[in-house]
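Residue numbering begins at 1 within each chain, and the chains themselves are lettered A, B and C in the order written.
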Amino acid sequence: MGIIELQDVQKVYQLGKVEVPAVKGVSFCIEKGDFISIAGPSGSGKTTILNMIGLIDQATSGEVLIDGRPTSKLKDAELTRMRHETLGFIFQSFNLIPVLNVWENIEFPLLLGKTRVSKAEKAGWIDHLIEEVGLTEWRKHKPNELSGGQRQRVAIARALVTKPQIVLADEPTANLDSATGEQIIELMKRINRELETTFIFSTHDAKIVDIADHIIRLRDGLITENVRRGTPVGAACPTGN
Amino acid sequence: MIQEINIALRNLNRQKKRSFLLAGAIAFGIMIVTLINGFSGSFVENVNENFSHLMAGHIFIEGVEKTTTGRNYYFISDDKILIDTIESLDLPLQFITKRSEFSGNLVYNGKTLQQNIVGADWSKENYFSERMMILDGSFDNMSEPQAIILSKEVADRLSLGIGDRMLVRMKTYTGQQNLGEFVLAAIIADPGLIGSMSAYANLDYVNQLLNLQTGEYKIMGLYLSSMKPIDTAADTLYKALEGKVQLFTRDSDDEETNFVEAMMQQGKEEEWEGLRYRLYTLNDILSEVQDLVNVLDTASLVILLVLFVIIMVGITNTFRMVMLERVREIGTIRALGVQKKGVLRLFLFEALFVGLLGFTAGLASAGIIMAVLHQINWGMDTPIFILLKNGHMTFKLLPWQVIMNLLVVTALTLLAAWSPARKAANLEPAHALRVQN
Amino acid sequence: MRKIATVLILLMVMSVALTAAEPDFQEMLRKIDDMGNFADSDFYAEYTLTSQKPGEPVAVTKAQMFRRDRNEQFVFIILEPQEDSGKGYLKVDDNVWIYDPQSRAFNHSSLKEEIQNTDTKNSDLTSSSLAEDYTVTRSAEGTLGAFPVWILELTARNNEVSYAKIIIWVHKASSLILKEEDYSVSNRLLRTVAYSSYMKVGDKFLPGVITQVDNVAIGERTIVQMANPSVAVIPNDRFTKSFLERASN
């Protein structure tokens, strides 16, 4: 069952009078619970594709389906709600809210939605996540008091706090040294296994690509390779089943 | 919402200096405006109260007789009907004063000086003597029938000392030349402005000089227990007197000429027999004071607006900067699921808190300045005496003015932050996230 | 006894004779008024008012007076000092106006008003109305310098005239006033006026010099000198506001 499907997605950026194609017709399907790597050199369209999946950017043509639902016609408010309910984000430069401490940063997405959970339940869940990412001692610290790796751990916990089906991570290790980067990927992988959350991360680091179940390689806005557990897969999601 | 408020407050805290400068500018504006409001609020009250003391009353009645030769004589001859009418009404009356006055030339030792001289029954107007600041001599000297109290300035200009006798050349109520003699009983501190124009003598002697008969005098003053009911009390009294005595009409059709002038005009143009009474109030005389207060209030509003146009430019610029600084942050929270409206509110809350902080600080600092100014005793001999209450500056803030200022500040601050906030809300999340800062 | 009776009768006759010799003072006032009034002609004169006050420089005011007493009209225009040039008084009907060339405005004034802060009133230079305003309440004979005079005490008939009491020294032969004392309501002497250098103007006599001494502000006095009096006809347009306005240009 495909949780994400891209159907001939194109993205053209308008830079002044020049049209720059970033993604030139890409189709693929992502299975629920997979740990996916979108790999390629910089400028290959990784971030653009991730943004489109993350509903923070829209395709110039083609369709992005999230959990079977087409998104190209949705309005900003609906896209925002979908992002909040379905997606979690991990950014290359962590993007924590500087005025909030670790605990509050993780809590933040929970305060946006309409679903109300009890305070105790919420606190328990946040504490669990903090423990999961190994920051229990740092829970009251502000982002600027943490190391890069620690910040990315906070970002992971924040991405997971709403229990999203999909977590998107755009070059999550690019700002970290390789040892820390590997730890972060390990952590993501572990959570992927434990929570069955679909993880999609982009990277240009060949070493960590291989950890993924499903690897989509890009070059110049086109897919050069689409392999799931060693087997090439088709562009469309299997129907029925 | 609570989270937005929380973040807005913390964002303010993030750039302490900037927030304080911004709030400080607002506070300064509010402080100035509050001070003006406070001053003008008590202005009317103090001026009216001081005048009511100087003039010995809040409501006044004068009698005017028209002679066959067409002249107007100002006096009250038989006040029984007036007193009876006043006493039959339920007015908030403290007491009634009877005064006569004239403008004459004091002559002493070859020097001449024009002076307005008020005659009063001091045994009944002791509240007045209590307010005088006697520098030399004593109020007890007023028991001498021809005693006079002069301001220091007048006594100095005529080189008069206590006990000196001076001549006074003046005209009787019918305009005849008369000459009298006063003996200086006391010298008082110059009460400034209007006050310096008057010297005080005994009613009986002033009446004698004016050639008025026993029981006659020029002005009756009704001293009320409070300033507030002046107009209603005057209306009640006027209605009660209508039909019993001849009265000048109180309402002036012409907006241009003030009411007292209009009554003077009536006195010239109309003809009647016997005494016709003129009833007027402190408010009628001091309508210009109210005009001045309106000017002050308008000026303060203009100042508020001018200051805030300047402050608004500052707020708009600051928030534009804030918006640019936080582009990626905005992208992040948008990605995390904050709606456009949420971003807008975040910015507006921040502006609102700056405004409220500034307003509170401004109000508080105005309060402190008012308290300090109020503590200073300017004395009774200052030229601004008439604006003061027993030598102290007083301030009266009307709640609606404070609320009005609050609303203006809030509205203008929000208006100033609106455009940057809108821009922030409308940022494309993907674009915002790409920005490196 | 008879002697006594004779003396008594003589005394009675004498007193009757004396009474008979005493003129009708009210008639005398009318005569005085008449002497100063030009009922049948116009009157023009130039006046110089010299005012002295202690501690102040002598102030000289020169002015022209146009009178038409039969209509109770007059115009009085100040020529000097320069700063007051063009300032004037105009009486038409019952109104006295003062004209200020600076503001080009007319304001209500009165005959009782002093001219230019001197001791002279408008009424001092216009037609006289002693008989109308006063009654003679006391009289005595005397001399003023070398002149035999009637000394008359006049009491105001109404309470509107400036002085409640006036004492005048009237030259017996000519009925001209030589001296005048003005009293306040409180019966105190306010000013003393001396009339001298009488001139014949038409068929009337007017004082060429009037000396007014202030008895309240000691040391203040004003001397009024009259020159070039004339009874020639004055153009009608003199007695109008527009004349004062034009004259100041």
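We take it that a contact is a pair of C-beta atoms (placed from the backbone, for glycine too) under 8 Å apart; a residue touches a chain by one contact, two chains touch by 3 or more.
A quick note: this is a predicted structure, and the numbers were derived from the prediction, not measured.
Shown here, the protein chains touch in a chain-like sequence that does not close on itself. Nearest to the global CA centroid, when each chain is reduced to the mean of its CA atoms, is chain B. Among the pairs A-B and B-C, the greater number of C-beta contacts is found at A-B.
With centres taken as mean Cα positions, chain C sits 117 Å from chain A.
Chain centres here are Cα means. That of chain A falls 69 Å from that of chain B.
Our note on geometry: chain B versus chain C, Cα centroid distance of 51 Å, whole angstroms.
Shared interface positions of chain B, i.e. residues touching 2 or more other chains, are not present. Not a single residue in chain C touches at least two other chains. Residue positions of chain A touching 2 or more other chains: there are none. Taken in their complex, chain B has these residues touching chain A: 2-3, 7, 10-11, 13-14, 328-329, 331-340, 342, 428-430, 433. Listed in rising order, the residues of chain A touching chain B in the complex are 51, 54, 56-57, 76-77, 80-81, 83-85, 89, 91, 93, 95, 97-100, 108-109, 111-113, 158, 162. Those residues of chain B that touch chain C in the complex are listed here as 67, 69-71, 107, 110, 112, 167, 169, 172, 174-180, 208-209, 211.
Those residues of chain C that touch chain B in the shared complex are 54-55, 94, 112, 156, 159-164, 182, 184-186, 188, 190, 216-219.
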